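Below: the structure, in structure tokens.
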Amino acid sequence: MENFIQQLINGLSLGSIYALIALGYTMVYGIIKLINFAHGEIYMVGAFVGYATINILHLGLIPSLIISMVVCAILGAIIERVAYKPLRKATRVAALITAIGVSFLVQNSMIYLVGPQVRAFPQVITKKVYNLGSIQVNQTQITIFATTIVLMLALQFIVKQTKMGKAMRAVSTDADAARLMGINVDNVISFTFILGSALAGAAGVLVGMYYNSIDPMMGVVPGLKAFIAAVLGGIGIIPGALLGGFTIGIIETLISGYGSSLVKDAVVYLILIIILIVKPTGLLGKNTKEKV
Amino acid sequence: AQGSADDSDTIKIGGNFELTGPVSAYGTAESNGAKLAIKEINEAGGVLDKQLDYIELDNKSDTTESASIATKLATQEKVSVIVGPATSGTTKAATPAVTRAKVAMITPSGTDDGLTLDDNGNVQPYVFRTGFQDSFQGVALAEFATTHLDSKKAVIIGDSSSDYAIGLTKSFKNSYTGEIVADENFTADDTDFNAILTRIKDKDFDVIYMPAYYEQAGLIIKQAREMGIEQPILGADGFSNQALLDLAGEENVSNVYYSAHFSLNNEEKNIQDFIKAYTDEYKTAPDAFSALAYDSVYLAKQGIEEADSSDPEEVVKALEAITDFQGVTGNFAIDENHNPVKSVFVIELQDGKEVGGTEVAPK
Amino acid sequence: MLQVKKLTVHYGVIQATKEVSFEVNEGEIVSLIGANGAGKSTILKALSGLHRPTSGEILYKGQPIQKETTKKIVELGISQVPEGRHVFGGMSVLENLEMGAYLRKDKSEIQKDLKMVFDRFPVLGERKKQDTATLSGGEQQMVAMGRALMSRPKLLLLDEPSMGLAPIFIKEIFNIIKMINEQGTTILLIEQNAKVALEIAHKGYVLETGKVVQSGTGQELLASDEVQKAYLGG
Amino acid sequence: MKQFNKTNLGWLIFIAVAFLLIQFGVSFGLIDAFYEITLMTILINIILAAGLNLIIGFSGQFSLGHAGFMAIGAYCTGIMTIKLPTLVGLFAGLLLGIIVASLVALVVGIPTLRLKGDYLAIATLGVAEIIRIAILNMGSLTNGAAGLSGIPYLTTWQLAFIFVVVTLVIIVNYIKSSAGRATVAIREDEIAAESMGINTTKFKTIAFVIGAATAAVGGGLHASYFSVIRPADFTFMKSIDILIIVVFGGLGSVTGSVVAAIVLGIINVFLQPFGQLRMILYSVALIAIMIFKPSGLFGTKEFTISGLLNRKKKASPKQKEEPK
Amino acid sequence: MSLLEVKKLTKNFGGLAAVSMVSMELGDNELVGLIGPNGAGKTTLFNLLTGVYEPTEGSIDLAINDKQESLVGKKTYTITDMGLGRTFQNIRLFKDLTVLDNVLIAMHAKNKVGTVAALFRTPAFYASEQTLKAEAIKLLKIFNLDTKVSELAKNLPYGEQRRLEIVRALATKPKILFLDEPAAGMNPQETADLTALIRQIQKDFKITILLIEHDMSLVMNVCERIYVLEYGRMIAHGTPKEIKNNKAVIKAYLGGD
């Protein structure tokens, strides 16, 4: 039993990492319907910026986190303006390919600049471990979990309640009509990217610190898993990212813990497909048919 | 075969490495090692009074691309010998190409037994290596686990996505005399190993055998030690990189053993010279990959010298006949199966420091 | 209030309007009529800055606005109910109406206007929380009208507001248009329902294949033979 | 009737000329061993891209799982020809690959093709990963992560060329048939298509199965030419590579896919000497191409022989950009 | 026996009864109107009849060869195949395809030449393609669209798009044709032309038409009978004359003069 609880905790902490990345993913998707494949790479850049500020500028965690979020926000805004904006009217697949191109570009530029090797992320805070019987939780796990929940609530608030959030949703359904309301559509989309990228930056630093390992390819798999988590939860739905992330994290962990780690990913995908067949728009997606 | 014409004033060496893609960390380290060797050789006057012209192409960690550039190097660039690639898969993919073109290929770190021997046990005539083969290393480590660590029960935590780790697991399993209580797997994409560690934590065992590269091994060691798993951890040459210590945190790297090609602490002059030259050039310490690639270039040089020709087929013959290569990863001869004859040296780490080494000679 | 001078608009190589000129005075209702594809909606898009004209001038209160952003134009007090409704599906009726007041800061006044809209369109009051995507066509048309009113426009551009509405509601809509106008909003109206449109209009323009071919007061146009034949089915 | 025969004849001549040109190049050493590898890569990519284009470009179903079906074909052919290293073995392997891939596509297609857009993309991606992991775990049959090596070298470029022609003819004829029009209607508007009496599930599944079968052929040829296959060769990134060809050529343009496969193959050759810079240059090129030509080289249009024959006939109406 | 018989049909969306306890009948060769205020449930009723939505309750039966067959639970494409064609309130053409392709697609279900013939391009395939095309062009001609066969549907003006939708629905060879606001967005002159056209196709093709329309000049002119919906319920049914004078209809829909 204790073992099971420990595995659940392992699953939740892995899941909160997926969720943390998935939040930005799903928000950007929700507004401009773009699968921003470069999201994982922005997360990677965030981790490297954190590495640089801590290692080279010798700053503490909080300032590093902020700097990393700012840098990523700027990067996100630039990417949007240069690569995505010209494709607003293009097909979604074309935009997807561009996003993949950006993802390749960021990844390989990073390999070119800093080399492909892994680096150890500097440990700025001492890692406390809490023991409850034989169950262990460490401080970073709690931090990441809490951050994920808080950010989810904050994002949900921004999108549902604030004026900017409403403008974002309006832009997402009908950009021309949104213009007629006096909304500056370009700014709203930039804001969306800035917010999403800042989130990715924060995730990069936190995860870098948690696993203590960063490299230019580190964004690929979490990026993909986060995308899957977002889809599983119902893409575009912010609480869905959280739910999807947790679900995948827990399933992965339980399969490794009790089944065979060899087929972990296959089983995750199988469960995912089954869930989608039962609920074609994800766990939280509304199962409405298009009104004709 | 189309050898490079003797009247040209350079000798071409090809490099086929993973400079981008999933395993670019190893390919890049090897590229660095190879380039350093080329530079040294040229500064020392070259080979057969000719400068070496090093032509390096990126195989994107991809088999098709590896076959393609191996062909390009052998047939269009007309190199005398190719060094690389870093992994078994890309090496195998390039094998038909170099075989057709009759050019030797020296892989620094392709470890699969089947690289130099085909399925029928015939030697692949154009493939050589400077690293260990899996069976050899796995057997040596199994023996080390029994005789030096007194282990009776082992847990395996292996990388199921790399043929390197799978080969090592297989040969370890075949020759380990104790009991294997658990065989856990992960993939190179994983960063979170808590699930499998939680699973083995309460099992009764006295050694963890961990065929994996340093990226994951470092994280597993860290997560295991933080979880309170204190048993000795035994790995292979994939551990041999400073990043292992950084990732795991030096305080966590105790009771860790791995088989190595060389030790940074080795006092021998050629090794210290290499470490210094490499560190000067790249601002980072060499690892097993760069050392093996460095040796591969020198092996190629020796082959050309002994052939007294840059004709690829002559070089192949000379390589087969090498009996006394002296490299930073050991002194060895090339055996009839194109593998180096060298012994495994197991390094012990305590608190992140090398505290000793044991030579395990193959049986 | 609004002067359009020699407005020419292209979609790629297709020329949608050709040197169209017309004028809207403060306090008027002006109707644009014309067959399908005559370029009526195109003119409204140019007025709102959604589509850049190739040449020509648009003066609003004497100022050229043909190069302004839509945001600026909305701020100046020009609001549009686009053809085909374009409501924000996925947002509730209330949120749609709030979007109409996006640029306004006067919270209490906004509340008043909301109430005004619900008074005019009681169905919307009942469906405040419903997702607009699931409303019927006519209900969506009301949302679009209400939304435009929420910006308190000085000049309201209406693109076929009666399309798809029940007869009883068409009358209602035109009453509302008249009422809004009487309360001081200038209106530029595009309608297929030429008869009703000209009846309430102070002035009308007839558009054919991108050109103004006829103009006059509402009554004059109603009486004209050409208009009778081409647009009134008589 | 006359017009049709003229076009068919035109294509026949076109194909024959292409074949002879390559043959000439090979015979006179213009196409050496290295260019032959490039040629093979291009030919195989044409087969893969044409099949994926049928799924994505014509039926409008977003599949990210092409690499999975390619893996099935590669392993079936690999295993079969290792046991039976003759042309018979090769054809048996390809056939087996087609059958297995089609069956898998059928079984997973029927339930998952109900999904829309990105949900379908994720489901197909999952299917491909499941296939890959299954292969990874099949023990000595597939040899796990190390994969199969020493697969007999039985494919020649001539054989691949024939397969390309056959694949393209099948796909084009299918698209031009009544069933093909039904398929395109699904892409355009599923609800309207259904109201026209089109069984959308059926035609989506057929397109998916044909696509999977061609992927298996591509995979089989790959295995037999490159002689080494590993599960790592058939990851999600492989699906993306093929997707790039399809989008670059134009969704819904078979000739576009052909041209894109050739162009990207050539670009790859030019970028090879750039080492670590090559992927940077490649991605910049990719982004630039998409920005300047978002609908791909050909859009939904086709290069046609009849178009060549009747140059004077007015050009097809200029395509406007699609709304998002 | 009537051609189509609908009994106690109900559709709830959450708490909203968009259609409730609606019964109606359609006979052979009839032209029937369906009117009602915005949001009354007219389009929803069409969607129920054509299988786009599943009814919450009630039955729909179609007479085929003197047998009643239930349409409830059948897929849209099956229902189309059984002889129910439709147009959409918000035009749903295959926008990026040509006018001709739009029509050819609609003929698909009734096309006899198989895919195998197409794959091998047998003479039968070419022949059938020719006949299909000829048939499609004949249909287009009736609606004056035969000069635009190779235009993309989205480039047609609105009125022509509406007409193309009707052609496309006719091409499925329906026994019953449902038209959802065919005159929306047309001016009175165009509406008058359409009125004549609808009457003509009903005669020429010998089909039954059920028509939703807010333009009374059209409805009152062509319909033999009219059903009136309000809040999902059938509040009246009768000849145009009866409906015009029905108090409830005037109050809910027509508006009093």
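Letters are used for the chains, namely A, B, C, D and E, taken in the order the chains are written, and counting of residues starts over at 1 for each.
Note that in this section a residue touches a chain if its C-beta (ideal position, glycine included) is under 8 Å from a C-beta of that chain, and two chains touch if they have at least 3 such contacts.
What you are looking at is a predicted structure, and each value in this text was computed from that prediction instead of being measured.
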Chain D to chain E, fewest steps along touching chains: 1
For the pairs C-E and A-D, output the one whose chains share more C-beta pairs in contact. A-D
Chain centres computed over CA atoms; the one at greatest distance from chain A is chain E
So, what's the distance in Å between the C-alpha centres of chain D and chain A? 32
Geometric centre distance via CA averages, chain D-chain B, whole Å: 37
Provide the C-alpha centroid distance between chain C and chain D, rounded to the nearest whole angstrom. 50
Of all residues in chain C, which are in touch with two or more distinct other chains? 134
Set of chain A residues in contact with two or more other chains: 108, 111, 262, 265, 292
Which chain D residues sit where two or more other chains touch them? 136, 191, 276, 279, 320, 322
Of all residues in chain C, those that touch chain E in their complex: 33, 35-37, 84, 123, 134-139, 141-142, 160, 163-172, 192-195, 229-234
Hey, which residues of chain D end up touching chain A in the complex? 56, 62, 108, 111-112, 114-119, 122-123, 125-127, 129-130, 133-134, 136-137, 191, 236, 240, 243-244, 247-248, 251, 276-277, 279-280, 282-284, 286-287, 290-291, 294-296, 321-324
What residues on chain A touch chain C, complex-wise? 163, 166-167, 169-170, 172-174, 176-184, 288, 291
Name, in rising order, each residue of chain E that touches chain D in their complex. 50, 52, 75-77, 80-81, 85-86, 88, 92-97, 101, 104-111, 113, 115, 118-121, 125-126, 128, 132, 150-152, 154-155, 168-169, 171-172
Within their complex, state which residues of chain D touch chain B. 32-34, 37-38, 41, 136, 144-147, 149-150, 153, 222, 226-233, 272-276, 278-279
